[in-house]
Amino acid sequence: MSRPPPSTRDQLAQAATFFQSGMSLALPVDYAGVSMALTWPLLASGTKDFDLVCVPTGGLQADILIGAGRVRSIETSAMTLGEAGGAPCFNRAVREGSIVIRDATCPAIHAGLQAAQRGAPFTAMRGLLGTDVLAQRNDWRVIDNPFSDAPDPVVLIPAIRPDLALFHCPLGDRQGNVWIGRRRELATMAYAARRSLVTVERLVDDLFATEETAAGTLPALYVDQVIEVPQGARPYGLWGVYGGDLPALKRYAAEARTPEGFAAWLEEAQAEAAGIRGGAP
Amino acid sequence: MTEASKREIMIATIAELLRGVRHVAVGAASPIPAAGAMLRRALAEEEATPPVRLSILGSVAHNFFTNGSVELFDCAGQGRIDAFFLSGGQIDGQGNVNLVGVGDYPNGKVRWPGSFGSSYLYFVVPRVILFREEHSPRIFVEKVDFISAPGASPEGVYRPGGPSALLTGLGLFDFESSRPGFTLRSVHPGHSLEEIRAATGFSFAHEPQPPLTQAPTPETLALLRGRVLDELAETYPGFAAELAAEITTTGGD
Amino acid sequence: MSRPPPSTRDQLAQAATFFQSGMSLALPVDYAGVSMALTWPLLASGTKDFDLVCVPTGGLQADILIGAGRVRSIETSAMTLGEAGGAPCFNRAVREGSIVIRDATCPAIHAGLQAAQRGAPFTAMRGLLGTDVLAQRNDWRVIDNPFSDAPDPVVLIPAIRPDLALFHCPLGDRQGNVWIGRRRELATMAYAARRSLVTVERLVDDLFATEETAAGTLPALYVDQVIEVPQGARPYGLWGVYGGDLPALKRYAAEARTPEGFAAWLEEAQAEAAGIRGGAP
Amino acid sequence: MTEASKREIMIATIAELLRGVRHVAVGAASPIPAAGAMLRRALAEEEATPPVRLSILGSVAHNFFTNGSVELFDCAGQGRIDAFFLSGGQIDGQGNVNLVGVGDYPNGKVRWPGSFGSSYLYFVVPRVILFREEHSPRIFVEKVDFISAPGASPEGVYRPGGPSALLTGLGLFDFESSRPGFTLRSVHPGHSLEEIRAATGFSFAHEPQPPLTQAPTPETLALLRGRVLDELAETYPGFAAELAAEITTTGGD
């Protein structure tokens, strides 16, 4: 990773004003724009007791936050490091009962965020009946479809309104617009969240300059701050831009298997992020 | 041409299970189902039957969704996905799938990633193929510890979809939602009913002498080893290389 | 308008296989890609008893179909020719009671289509309580929000699943993908509808060639046929491509004020569309 | 500088009503509200208060929505739109708005376009400004024939938004949702309480001698005739030309 210019480092430090203990944080799926770069200022801020909402599944970033003891609860459809295996800190925390887990299913998380996007208190979805996912969610409801003459149970999912959405995407512009391309779940996250903090690979002049780029743009209206951080998703990849660093993920998976190993990994990663050594965490 | 390997038989079996589908979705980490779907697509062209659309999730090159990760689920909800593959940490005799963990929820002794979209897709995709290469009593249990997705639903529950078959490294089962339960349809070459019985924690129906799983015809095998292997190499280079090596060295396992 | 090449004309004629009496038809708002070009083969097919769904408001195309006696009912948030005034055939049909009108409000139509997009039987929305819009819709329901401790009435809107969506957009490609850009209601219409028939300004090779164009693309999966019809939205404009022809709309508004005037206008327009004379209807 | 015209007074009044908003949305066919919003945006810059975002619906150049026509409603539902303008074929003393028609629904004697998004936006946008230049008893009625959007809602109804003011060609009213009803706040120069009373089909509260609507300060007027007129000319060239002509010829009406 090229060392970020001072302005980026300053901006990342400033981003700390967004972080508060007890916040709910929306984080994207591993291939769709995780802002790994924001992990370090988030940890550095000392804030904790986060309620994570993984959109719709979680990976390295969520696992680090759990390992660092910052997470109170997590709503997710899965936690995994993909080809690198299970999420070690998550698995440990679940076994130890040190976090509250709200198991969901992908479309339920999307549905909850979309309800928030529309300003609706809840929405309906098919499926889920007879699952232990539903049985364990006392914050979901089942009603009889009022449009059906025959009995027809339907699950209602309440709106999910995160306090802050964190993500990374390919482009931002001087007006604060960001280009998400086909990853429209990033827009849904931003619509649903009270605030959004976004890192981008690079800044361009104006994403509304053509209808082609406007079509994949999330307007500045939903973006509270944009920070240019090249390679900001590493060691994850960025969809359509660069691939992931599987060896780095495997190394994490191996080291974080114990609390001590995780602590050592984290110390090194934070040091690297702070620019004390070269290279990316 | 060398004989079909066990993996090739599984791929060809999947292609057979997918006969007639218009659109099949496959997870990014599922090379055997993807290969089966690619073979079905190639066969459909050969047979001049309606074209088969294949969506490989998470792939940039083989993914024509443009509305983010919600589109798969929306698409399935609209009835536009005919077939999908599901695996499980545990699968029981009622077709229930557990992707969450072993022991008492939530703090059991083993935790798996989670249910992903199974709690929805299992309900709305008409032909869900359960696929797990490993076949052991640890996986195929009498009753799952956690139901991520139920095999069958009571009357009155909206359920256009559900499991249609279970394919493992040992054999092929049909699922009957009316019972609900599995029937062994065939045993893969080199394995036996007794072996499958011993490796399966639930009881299942079967003929006294279940047939062997059908090997692909030479034409199908040629298609698999030619065009499909090339297509596969683009998305699953490691798996395609393994498969190619099997063919040239042993012609089977 | 340049005379369409024979292949376009043939394709428009073939489009008739999509049309059936008693269908529900989803039509876009006037500035967002009305396929005026499909109006003529639709009329020529002789089909009728359409249930129109205007997304979310209707204009010239819906008014012509009503004037031609093809419409059984219309669900819409408004019917207007914009600066050219009210929709004359619609207004006449409402006064005469010859069509069923289902007055809605824009976000309710979007909500109904989005419920269909998600395969959900219904969805919830705020607003509407105490309106005559709600009072007149016996196909909508009000329930008490099951997530609220205090009484909290919420309106439920059933999924809207049109039989056929008709629209026009800037680009299509050889694989049947179409580029809708920012007009994402066109995607929602196509997701929700059983089939979609789309005209485009021009055909390009491959809309998935770059992530920039992919971002604004509706995949072929949702498009049953694409026909290249340059200027296919005329006399309407096409958002971001060309402006509307206000004098033509005003002429329609004036002539269609009487049934006889409408009949004369229609005859002329159909003759022009059939290529008997030059110029656009 | 010539005196403010009546339209300029209305524009400046709107800018005043928009004080403190962060985001205001305006319909494409509403040049006076758009001008007021542009003036508020310019004033916010002059006063170094937080910037004002303006979305002109249907405009390609002044529209930063990228999610189709649903985005306005979503955005309002999220609480991201602070102010919006609504007109009506009928508006009654309770703040109810009718955009559908006159007479018995559905086959009454006059049919207007329809409710558009009013049945939702009136509920969720905190500051809805009712604007209708024509002020007559035909429009301002005792009771609307059809409620597209109600002025007030009973307790228990989710209602973060609603009408805050009514601006016409004759005067400016406040709306009080607790009564509910209108209070005349000021009378435009050249008009009188009696004239407003005669032109209004509903009763309203007022001081015995309501003040005149405040004319813009010379600084505000200069901003309006300079920067705002230029901005306006891009989207509403016809209206901007009319406004410019008024200024240079009569300096008012």
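Order of writing sets the labels: A, B, C and D. Residues in every chain begin at 1.
Keep in mind that, in the parts below, contacts are C-beta pairs under 8 Å (C-beta built on N, C-alpha and C of every residue); 3 or more make two chains touch, one makes a residue touch a chain.
Which chain is which protein? Per UniProt: A, B, C, D = CoA synthetase.
All of these numbers come straight from a predicted model, not from anything done at the bench.
Fewest steps needed to get from chain B (CoA synthetase) to chain D (CoA synthetase), stepping only to touching chains, is 2. Comparing chain pairs C-D and A-D by the number of C-beta pairs in contact, the larger count belongs to C-D. If you average the CA atoms of chain A (CoA synthetase) and of chain B (CoA synthetase), the two centres end up 30 Å from each other. Distance between chain B (CoA synthetase) and chain C (CoA synthetase), defined via averaged C-alpha coordinates, is recorded as 41 Å. Within chain C (CoA synthetase), the positions touching two or more other chains are listed as 107, 114, 118-121, 125-126, 152, 154, 182, 187, 214-216, 240. Counting only residues that touch two or more partner chains, chain B (CoA synthetase) has 65-67, 73-74, 77, 124, 158. Residues 116-121, 177, 187, 191-192, 208, 214-222 of chain A (CoA synthetase) are the ones touching chain D (CoA synthetase) in the complex. Chain B (CoA synthetase) makes touch with chain A (CoA synthetase) in their complex at residues 29, 58, 60, 65-70, 73-74, 77, 99-101, 105-109, 111-124, 146-150, 153-154, 156-158. Residues 29, 31-32, 55-57, 76-80, 82-83, 86-87, 90-91, 94-97, 101, 103-108, 110, 114, 125-134, 136, 150-154, 182-188, 239-240 of chain C (CoA synthetase) touch chain D (CoA synthetase) in their complex. Interface residues of chain C (CoA synthetase), counted against chain A (CoA synthetase) in their complex, comprise 107, 111, 114-115, 118-126, 141, 143, 145-148, 152, 154, 156, 158, 170, 179-182, 211-216, 240. Those residues of chain D (CoA synthetase) whose C-beta lies close enough to touch chain A (CoA synthetase) in the complex are 23, 53, 64-67, 73-80, 124, 158.
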